[in-house]
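Two complexes follow with chain A in common, the first pairing it with chain B and the second with chain C.
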Partner chain A sequence: MAERHPTSDFVVIGGGIVGASIAYGLAKSGEKVLLLDEGDVAFRAARGNLGNVWVQGKGATSHAYADLTRNAANRWGGFAAALQEETGIDLHFRRPGAFYICFSEEELERRSGMMASINEHATVRSEFETVGPEELRRRLPEIGPEIAGATYCPDDGTANPLFLLRALIKAAAGFGATYLPRRKVVSLCRDGEGICIETEAGTFHAGRVVLAAGLGNGKLAPQLGMTAPVRPVRGQIMVTEKVRKFLDFGTNFIRQTVEGGCVFGESSEEAGFDEGTTLSVLRETARRAVTAFPLLRDARVVRAWGALRIMTPDGVPVYQQAPGAGNVFLITVHSGVTLAPFHAGEMAVALRQNRLDPDRYLPFSPERFNVQAA
Partner chain B sequence: MNEMVDLAIIGAGPAGMSAACAARACRLSVVLLDEQPSPGGQIYRGIAEARDDRLAAILGKDYAAGEEIYRRFVACGANYRPATTVWRIGPDGLSWISAGRSGELAARRVLVATGAMERPFPSKGWTLPGVMTAGAGQILLKASRLVADGAVFVGCGPLLYLVAHQYLNAGVTVRAILDTAPRENLLPASALLPGALRQPHYIVKGLRMIAALRRSGVRMHRNVRAVSFSGQDRLEAVHWRDRSGEYALECAEAFVHQGVIPNLNMTMSTGCRHAWDEQQLCWRPDLDALGRSSLQWLLVAGDGGGIGGARSAALSGAISALAAAHDLGRLDFTAFERESAPLIAARRRDMAVRPFLDRLYRPAQGFRIPEDEETVICRCEEVTCGDVARAVGEGCPGPNQLKSFTRAGMGPCQGRLCGHTVTETMALLSGRTPQEVGYYRIRTPIKPVTVGDIAGRIENAEQGAQHEQAAAD
Partner chain C sequence: MFRPLDDKGGKAVAIEIEGRSQIVPAASNLAAALLSAGFSPFRTTPAGAAPRQPYCMMGVCFDCLVEIDGLPNRQACLETVREGMHVRRQQGAAAIGEKGKAR
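Right, the complex of A and B next:
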């Protein structure tokens, strides 16, 4: 079964949106890249994603993260256009702004306060509005009578995360990267100057390794002397049949796709690695969706599923270069869709230079968790 | 809070009805839920209704055999819930809806007896109105007693000839039968004939039927390949090839059939282990001889666990019910052995004909894996064979990533009508076995229910209150 593969300059471990973004960025700038992926059934956060390119409310505890998010979102249009040109795949990217729907006045007030406070610290501008119930009804005619209001941010957008993943892999391959699925990484070790990667089907050698394996980073990183504090957070999602167009904007928990189906879900559960659904959460999810948009009551649900999202202790990304040899990079993020232009752009450039600038990346170092613990 | 029963049975065909009888005999509390308004499943559809002798004659003796099972079932004391759709099952029980009402049922064991469905017939033009399955043709006959005059029957397998025969008996014109069973099947099948002759009545019945069709003078073509359907807005003609050339025949209705496969969505949604059955070319749940799945709470009986036909289904239903009773400590081992042994032996005898039938009517590859790039594989999302090929070319590792990348299997049928085609097509394109390629992960709801249904009673109550308010205004 062992498969010989020529040594690649870069091996990216993880064929999800994050790993594929990085492989795409590296390949596009001429690097020789191998992208290793698991098989058909894996924990894939891309499948548990609403497809929001989401700015508002991000970075409440880290203005560096707020800035990172805002810059990435601002680049999304050009990024999507380039990918479409390279692959012919329409990512369904739109940027009409999004509403964060609040079910009570207290929630709306808290939300506005939080957003204002982020804007005091972030250096990249992003405006928002607090929208009361009457104004909200004017802008979202199908909103339910019980909704108290929303915060609106024009910088938010939506895309199809599944088409994004397909386009990234296809484009990376188009620029010469090799994509190998069914190569779940079993173990990693240093091997002279490089890294030896043992997978379920073959062993590979790399000059440099990018760990972008999502939840898998938790086990892989320590094998190379790093730590990836990451835990699964389960979200239960459902999608309806195609219904008439009523929602052009993004919202925090429901998106109407270009095809017409509505994807919604907002649960955030500590359920270990259990990907299942539970009746109580599905029921609550359905009730909130109907409260927000009563017309959904009669829409037929086609599928409901659970997906594991990748969460760091503070929700802020972890970017780290291995100390010493420095040829291993750890990338653990929650928002692979929003940050895709950053991973394919600035991050790929830093990887090629073999240097994550300590000043720039200090706010994203996992060291911050040790400091907090002390 | 919720109801709790010993055994919840889903499906009121021969397997489900027999299971209910056997479980009740062991004094288990039993609820049987079924989508149809009356018992019988597909094979004995409409068995409870009064029929005139003429229809009974059309449907034949085997259909009448269902009446005995039906009579025992209605007397067995199971709580029978017709017109009830189960949309979720799990270790904690199941969720159902019925005529706007919904609820949960907790059960110590769940027995899935959801039967078989027809194998998809992916070919050019198969989505045109007027192209129906032979099974749908039979439902027309059994339920509404409407029949299509001058239809063309295309495909292979016992059901195709049975329905054509029933149409002839009903006095309806059958335009032609296009038999797609490949000539190459004959030799390997004949080697299996001695085993099959242990159950000669199946063979005799089949031969009689085919002889009757021949005598009727119906136009018959054998070794038919490369079938396609054409028409503007609906079916106008069927096209095919055989050794002697290319043909076309005008028709408004075509009944297609390539055998039956287990109806999988219910068992697949539980995550119990499934395996690819190379003999029957389909997925089926991995079961022991008593119908127990890889999950302790779940049993499967009848064609949903592998195709065996109505008699075997009835026997397997009873066997599984005994196993459930034994596992729940309600039937001691001696009694279990004594009662189950003759049923198991009878089922083994009845199944003796399967290897022969499976081999004889093994659908040719061209009818399972489309040869034409433009052929639609996923009808719900209009994904073509070419779309699948392109995704495989990009390295797409299996059906679930394919679903993400192309939307195949994302529609309301949850892959029922494309799952097998996708598995086999991806296997062929990537040089792997169907087992390695895998199948779609099937999700709740197993049957489409509305957001309001899932939101449940509280939502219903609010809705009711609003309606009252509106009425008051």
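Right, the complex of A and C next:
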């Protein structure tokens, strides 16, 4: 039997890190929020990612995105502390800075050039260093002899993404939000002033809707006259047994957790909606990890998985308010861990004001994809 | 605390537990053999150094980790005893690499 729920001010569709961040931000500022999530069969990047709060190299094609990322990373410490106070959950957030490991001199040179050019355009400062092989060995004693160097950025950090998701949902509920899993939204339509939301278990009514369903946005957005240009890009990740601490910094593709396990992965594959793992990619990933840190040869991998990134054509977030009635918002990003403080903070404020300032959000409008390719 | 169901004196092998020789039934499950020998704890946790003993006995919980013949983090419940096997308690996280081996 379909259950009927009273109208909520805000319904956030999608309980991944993005949707939960927004629900948390809205609930914390007093809004009545309903968070609808699909069940365990859903594609859920929030449960399969690497957990880097990553700044360096972000925004190579969009200085607005570089600024957004830098601001969010700068707020991560306070954000994690607040969540811990509200939920008792320690997110294991650390910000010792991170190294992007380069396997050849050409790669190091290219990378430094790219980082320097981002810094010419970004308005929020973030320094970086180009670290040669000797200096790198001094700072990362376990680095392999074949590594050519790294770029180091002190603004990068890491967190436990599973604790983050749990804390966000718990904190949102603590501020009065309702979280309902196993409520896949099957159809959306305008209903007078509001929106009618039909799920696989009940129909709901909303004053305002936030589409934060990750890859699910692709099907949901068109039902309300919007487009979410997203495609899945697979990453395969492995985690080792817990080993004694050897890596005090973050890196672009290997992170040692507080408990000691090493999580690593870096593949970017066009594999459609296939979340599986493949021997060839796992083998190559492991080979590169062992080249970077030869002692990993002794560590056993205890689990491997695939997860699908939610990718826009240019990798830059899409933030859009529906034209006209304006009570529908579309949010599609890749780096949801990094941007969590932004979604819970500034984005929640904009949603409450029912206005994505066109000046601020123009760089993130999907209109940019409508420009004809030259 | 534990008593074998069948102790009619089949074949036995000698293994070494923390440097001490111990006679155990041949082809027995290592975790079971260690439990019968009163070995406790099997390991301590990396995060809080809390003591752990086998819990599931079927390869799922990883609470039975021990060091076998110098290799850390082996699941005792998935191993069969071998003559001359050296078993040590797994203390916290395993040390890997040269520094770990030099220990």
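Following the convention adopted for this analysis, the second predicted complex is superposed on the first by the 371 of 374 C-alpha atoms of A that agree within 3 Å, B and C clash if a C-alpha of one lies under 4 Å from a C-alpha of the other, contacts with A are read in each partner's own complex, and residues count from 1 in each chain.
Please note the rule applied: a contact is a pair of C-beta atoms (placed from the backbone, for glycine too) under 8 Å apart; a residue touches a chain by one contact, two chains touch by 3 or more.
Worth saying up front: this structure is predicted, and the values here are computed from it rather than measured.
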{"item": "Side-by-side fit of chain B and chain C on chain A, or clash", "value": "clash"}
{"item": "Partner chain in contact with A:37 - chain B first, chain C second, else both or neither", "value": "first"}
{"item": "Chain B versus chain C as contact partner of A:303, first or second or both or neither", "value": "first"}
{"item": "Touched partner set for A:215, first chain B, second chain C, both or neither", "value": "neither"}
{"item": "Which partner, chain B or chain C, touches more chain A residues", "value": "B"}
{"item": "Which superposed partner A:72 touches (first chain B, second chain C, both, neither)", "value": "neither"}
{"item": "Partner chain in contact with A:182 - chain B first, chain C second, else both or neither", "value": "first"}
{"item": "First (chain B), second (chain C), both or neither touched by A:131", "value": "neither"}
{"item": "Touching partner for A:260 - first (chain B), second (chain C), both, neither", "value": "second"}
{"item": "First (chain B), second (chain C), both or neither touched by A:50", "value": "neither"}
{"item": "Contacts of A:241 with chain B and chain C, given as first, second, both or neither", "value": "both"}
{"item": "Candidates 38-46, 92-100, 110-118 or 164-172 of chain B: the single one with C-alpha clashes against chain C", "value": "164-172"}
{"item": "Intersection of the chain A residues that touch chain B with those that touch chain C", "value": "241, 259, 296, 298-300, 302"}
{"item": "Chain C - residues contacting chain A, complex", "value": "46-47, 62, 72-73, 92-98, 100"}
{"item": "Chain A-facing residues of chain B, complex", "value": "88, 90, 92, 95, 104, 391, 394-401, 404-405, 407, 410-412, 414, 437-438, 441, 443-445, 448-456, 458-459, 463"}
{"item": "Residue ranges of chain A touching chain B (in the complex, touch as defined)", "value": "37, 39-41, 44, 46-47, 162-163, 165-166, 169-170, 173, 179-182, 238-241, 259, 276-277, 279, 282-283, 286-287, 289-290, 296-305"}
{"item": "Interface residues, chain A side, partner chain C - complex", "value": "142, 241-246, 258-260, 294-296, 298-300, 302"}
